[in-house]
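Chains: A, B, C and D, in written order; residue numbering restarts at 1 for each.
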Amino acid sequence: MNPISLEALAAEVPDGAMLALPPDNSLPSVALAKALIRRGVRNLRLLGVPVSGFATDILIGAGCVTSVQTSAVSLGEAGFAPRFSAALRAGTIKVIDATCPAIHTMLQASEKGVPFMPLRGLIGSDILANRPDWKVVPNPFAQEGEDPIVLLPALNPDFVCFHAAMADEEGNVWVGRRRECATIAHASKRALVTVERVVPGNFLEDERLASGAINATYISGIAIAERGARPVALLDEYGFDGAYVSEYARMARSEEGFAAWCAREVFEQKAQAAE
Amino acid sequence: MNEIKLEERIAVALAKLILDPSAPPARHIAVGAASPMPAAACWLVKKQGNPVRLSLLHKRSGNPFTEGTRELFDLTGQGRIDLFFLGGGQIDGSANLNLVGTGEWPGMGVRFPGSFGSAFMYFMTPRTILFREEHTPRVFVEKVDNISAPGVSAPGVFRRGTAQALVTGRCVFRFHPERARFSLESVHPGETVESVREATGFTFDVTGDVPFTPDPTAEELALLRGPICDEMMETYPEFCARVFGRKQAA
Amino acid sequence: MNPISLEALAAEVPDGAMLALPPDNSLPSVALAKALIRRGVRNLRLLGVPVSGFATDILIGAGCVTSVQTSAVSLGEAGFAPRFSAALRAGTIKVIDATCPAIHTMLQASEKGVPFMPLRGLIGSDILANRPDWKVVPNPFAQEGEDPIVLLPALNPDFVCFHAAMADEEGNVWVGRRRECATIAHASKRALVTVERVVPGNFLEDERLASGAINATYISGIAIAERGARPVALLDEYGFDGAYVSEYARMARSEEGFAAWCAREVFEQKAQAAE
Amino acid sequence: MNEIKLEERIAVALAKLILDPSAPPARHIAVGAASPMPAAACWLVKKQGNPVRLSLLHKRSGNPFTEGTRELFDLTGQGRIDLFFLGGGQIDGSANLNLVGTGEWPGMGVRFPGSFGSAFMYFMTPRTILFREEHTPRVFVEKVDNISAPGVSAPGVFRRGTAQALVTGRCVFRFHPERARFSLESVHPGETVESVREATGFTFDVTGDVPFTPDPTAEELALLRGPICDEMMETYPEFCARVFGRKQAA
C-alpha cells in the first residue's frame, strides 16, 4: 500500500460519515483532523473511543460536525472543551452520551460480528434512560431472580482515523500498546491512518513488533504526517504539548478567537508547510 | 515547611480512607483521567510501604494497560480492581453522581465533560471513594439534575459496591448505602458542623462530636512534595506546578 | 515476583481444577504438563483454547484428566491424538465439544465480567444440541423476524498454564503476538507461566515489548523452564519438533507404549536433569 | 516431469474453484489447520498473479494474526473473509459436515479430531469449498452420524453462505443450496459417473455429459513443486515430503 498525501486521505471522508476518533491519550491524528477542516467536510457524526479531546473540539469549532457520541469531551488539564460546550448550548450539535466501557463494548460487538453485547452497570443511570437504542433484558443465565442486564447494539463506524508511529512496506501500521486502535479498526468499515514514517520490511515478520501492529487488511489509506499527533503525545516518541492546548483553550473560548486560531494553526501552517 | 495546601490535605484524607481497616483490602487500585488528588493519595499509600498495585489510566511511559483503554473496564469487570475514585459536577445526598451537566439532558444548563466510565465503575468496584474539592451548594445538591451513576441500586440489580466516603475541601463524609445517606466523619480545620451544613445542599447525619480532619504529617508532606511529585509530573504537570510549585524542565 | 521451581509451580494446581491450555500453535507449557504428570495430579478438567494438542494427550494418557472441553484434539501432521481417542472409547474421560470461536467467546465474557456473550453460527449443529448450557434466544435487535442467536455463558477456568518467551523483574511475561494467552489469563482465576528466561527491567516501560506483554497483575506464578514448549514451537526462538511428536504418536498407540514413553520422557528426563 | 500426484490435482481443482468467475470475488481467503491442499491451492492462485490476500492460521513466521487465534473468527464475523475451506470425517448429500465422529455423540464409533471452527465458519463465510481426498461410501454418506456444521439452514437463521463445491480424490461436485444437493461437475481421469456413484453414499445430480477434470498444466506443476513447496515447508513439512518429495533441511 503506497502512502497518499494527507489532503488526499482527508478527501476519502465524505460529508455525513460516522468517524471514530481516539482521545488525547491514544493516538488521535490531529494532522488529519486539521486536513478535514481544510477540506471543508460537513455533517460528520463523531464517535469518541471512548472519550473525545482536542481533535473533536477543533472539528466542532470549524463547523464540520453534526453529532458527537462519546463518554466525555475534555481537554484534560486545560479544562472543558470550549467549542463543544458552545455548540451544545447553541444547539448546533447533537450529543449522544455513553459511558466508556459501553463504547468499547459496542465496537467489540462489531469486531466479533454479533448484533449486540451485554454490559454490567448502567441500570438506574440517565445515560441509559436517554439511549432508546440500548435494551435491558433479564439475564437468561441468572441463578435466581430476574437479574436485569443491559444489551448494547453493535456499532460499525464508517471510518476511523488515528495516528500510528509507523507503517511498513506491506501497509501494516504500528501502534504499540494502544491496541484500542486495532479494535476500532476491526469494527470500522475503513481505517485512515497517518504515520510518522514508512519503514522497510514487514512488522508481522518481526516477533517484537507484530503484537503492536495492525494488519494491513484493516487499513484503507495511509499518509505520512510528521508530528501528526501534535499537540498530543505519541508513545515514547514525543510528549504532550500542554502550552499549545492551553493557548487553544484560551483562544477558543469565543467563536472569533477560535476562528483566529484556526486561520493560524490549520490554514496558515499548512500554507507555510507547502511553500 | 510551607503551609498545607488544600489539595495536600485532601490527598492525605483520601490515603487514610484507602487504608481504612474496616473496609475490604485495596490490593489493586485504579485511577482514572483528571484525578491528580487520588493519584497523589495512591502514591502516598504506596510510598509509605503498603503493598498495593496501582494502575494509572493516564500514565504515558510504562502505562500498565496493553489492551488499550478497554482493559481498565475489563479488569474491573473481572473483579480485580478493589478501589476506584469518582468525582462529580454535582453529587447528591444519596451519592448519585452527575458528571453530565445541569438542566435538561444532556446538560443544557452547564455541561460537564461527561460520564467517563462512572456508570460502570461505580457498580463494579467494591469500593469507590468520591472526591470534590469545591464544597458549595451548587456541587452538593439535594438531588442531582441528571444521574450519570446512581449511588444505590434496586434489589436484584448486580452491584459489587458503592461509595465508601466523600472527601471535599471542607470535610470527610462517610456513606451508608443501607440508608442511602452520608454522615459527617470529620471537618477540616477552620470548618464546623454548621459551616459544612451551610455549604451543603443535601442533608446528612451527625453523630456525637465531629473531630477535625488530622493535618498531614511532616513525613506525608515530604513524600508528596518530593518523590510523589516526581511520579506525577509527566501526567499532571499543571497540578504539580500549582500545588507543589514544581515547574517542568523546559 | 520471584520464579519458583517447575515442580513447585505444578504443586499449585490441585486435583479437580479446571485448567485451560493453549494448543500446539500457541505456547503450551509442555514442561508444566510433564511436571503435573510427575506430581500425579488427578481429575483435571481441561479446556482447550480453542483446541487441544500434545500436552492434553499426555495428561490424558497419564490418567490426570476427567474431562476435556475443546473444539478438537489433534497432533497436527502426526494425526489423531491417541490417548485422547483411547480414553474417549474407554469412557474414562468426558468430552465436551465446542467450536473454536465459542471457546474464545466464553472466555471473552469472563474477561469482560459479563455473564454471557452471543455468537453467530451454531444453529442446526449437534454441538449446540449437546450443550444444554448454551441457549438460543431471539435477537432483541432484529430488524425483522425472530433471528435466533446463541448465547454462551462466561467460562472462568481455575488455572491457565502456558509457556512465555520471557518474564521481567516485575513479573510481567512476554508472549509476542500470541495474545490469546492474555485473554485466557484475563479470564482465568490464576495463570501459571513457564518462561525460557527472566530478564532485567520492565516490559511495560519498553514501547516495543509492551504490546506483547501480559501484566503481572494477571500472573500467579512463574517458573523457568528452558525449552519449555518443546516439542512445540516457541515464536521465533525454536521450531516444532515433528520427529518427537511422530515418535510419541507411534508409541502412544498402546497403553504400554505410552507408559514406556512416559517413563522415559517425563520421569527419566527429569531425573537426568536433576543430576 | 514426474507423474501428477492426486494432491496436486486436487490443489489445482481447488484453485480453479477459487477463481470461478460465477462466484463472488475471493479477495481475502483464510486457511485453517490441517489444510495443506487448500493452502497449496491458495498459493497457486496468488503465484499466478491474482490479487488475493491469504491468511494462513498455522503459519509460524509472519503469522498474520496479532490478536491470537480469535482474530480469524472475528475477521470472518466482520465479513472480511470471502472464502474458507472445510473437510469432514463424513460429508453427506446435503453438505452437512461431521468432524466430530461416528456413532453416538461425541463419536463413540470412530472419533474424529473435532469441529474446529466449522460450526461458525460455514455460516459466516460467503463461500466455502469442501475437500476430502478419500472418496468412499464411509466418508460420503447419505446422512452424517453427527452434524458439526449443517449444509443449509432454516429460513430466518443468519447465514452468509454455504458450500460452493466439494473436491475429492475422484471428482468435483458443485453444491446447490436451494435444493440442498450436489451435482457432478467433473470426474478425474480414470473415473466415470458410474465409478463415482459407486464410491458415494449419497445421491447426486448428473446433467448431460460430465467432463474430465483437466490435468494440471506444466506451469501449475512447476509452481506447486517449486515456490509453493518453499512457502509450505515450514507449516506442512510432512505433506511437502510426501507429495513434492522435498525433505526438510536438517
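Here, contacts are C-beta pairs under 8 Å (C-beta built on N, C-alpha and C of every residue); 3 or more make two chains touch, one makes a residue touch a chain.
Quick caveat: nothing in here was measured; it's all calculated off a predicted structure.
Participant: Report the chain whose CA-based centre is farthest from the CA-based centre of chain D.
Facilitator: B
Participant: Count the C-beta pairs in contact for A-D and for A-B, then report the pair with the higher count.
Facilitator: Looking at contacts between chains, A-B has the larger number.
Participant: Whole-Å distance, chain B centre to chain C centre, using C-alpha means?
Facilitator: Centre separation, chain B to chain C: 40 Å.
Participant: Can you give the whole-Å distance between the Cα centres of chain A and chain B?
Facilitator: Computed value for the inter-centroid distance: 28 Å.
Participant: Taking the mean of the CA coordinates per chain, how far is chain B from chain D in Å?
Facilitator: From the centre of chain B to the centre of chain D is 59 Å.
Participant: Going by the contact rule already set, what residues in chain B reach two or more other chains?
Facilitator: 61, 63, 65-67, 73-74, 77, 124
Participant: Show the residues in chain A shared as contacts by 2 or more other chains, in ascending order.
Facilitator: Residues 108, 112-114, 119-120, 147, 149, 177, 179, 182, 204, 210-212, 236 of chain A each touch two or more of the other chains.
Participant: So in the complex, the part of chain D that touches chain A is made up of which residues?
Facilitator: Listed in rising order, the residues of chain D that touch chain A are 28, 53, 55, 61-67, 73-80, 124.
Participant: Quick one: which bits of chain C touch chain A in the complex? Just the residue numbers, please.
Facilitator: Residue list for chain C touching chain A: 105, 108, 112-120, 135, 137, 139-142, 147, 149, 151, 153, 175-177, 179, 204, 207-212, 235-236.
Participant: List the residues on chain A that touch chain B in their complex, please.
Facilitator: Its residues touching chain B are 25-26, 49-51, 70-74, 76-77, 80-81, 84-85, 88-89, 95, 97-102, 104, 108, 119-128, 130, 145-149, 177-183, 233, 236, 239-240, 242.
Participant: Going by the contact rule at the top, pick out the chain A residues touching chain D in the complex.
Facilitator: Residues 110-114, 182, 186-187, 202, 204-205, 210-215, 217-218 of chain A touch chain D in their complex.
Participant: Hey, which residues of chain B end up touching chain A in the complex?
Facilitator: So the residues of chain B in touch with chain A come to 33-34, 57-58, 60-61, 63, 65-70, 73-74, 77, 99-100, 105-108, 111-124, 146-150, 153-154, 156-158, 234, 236-239.
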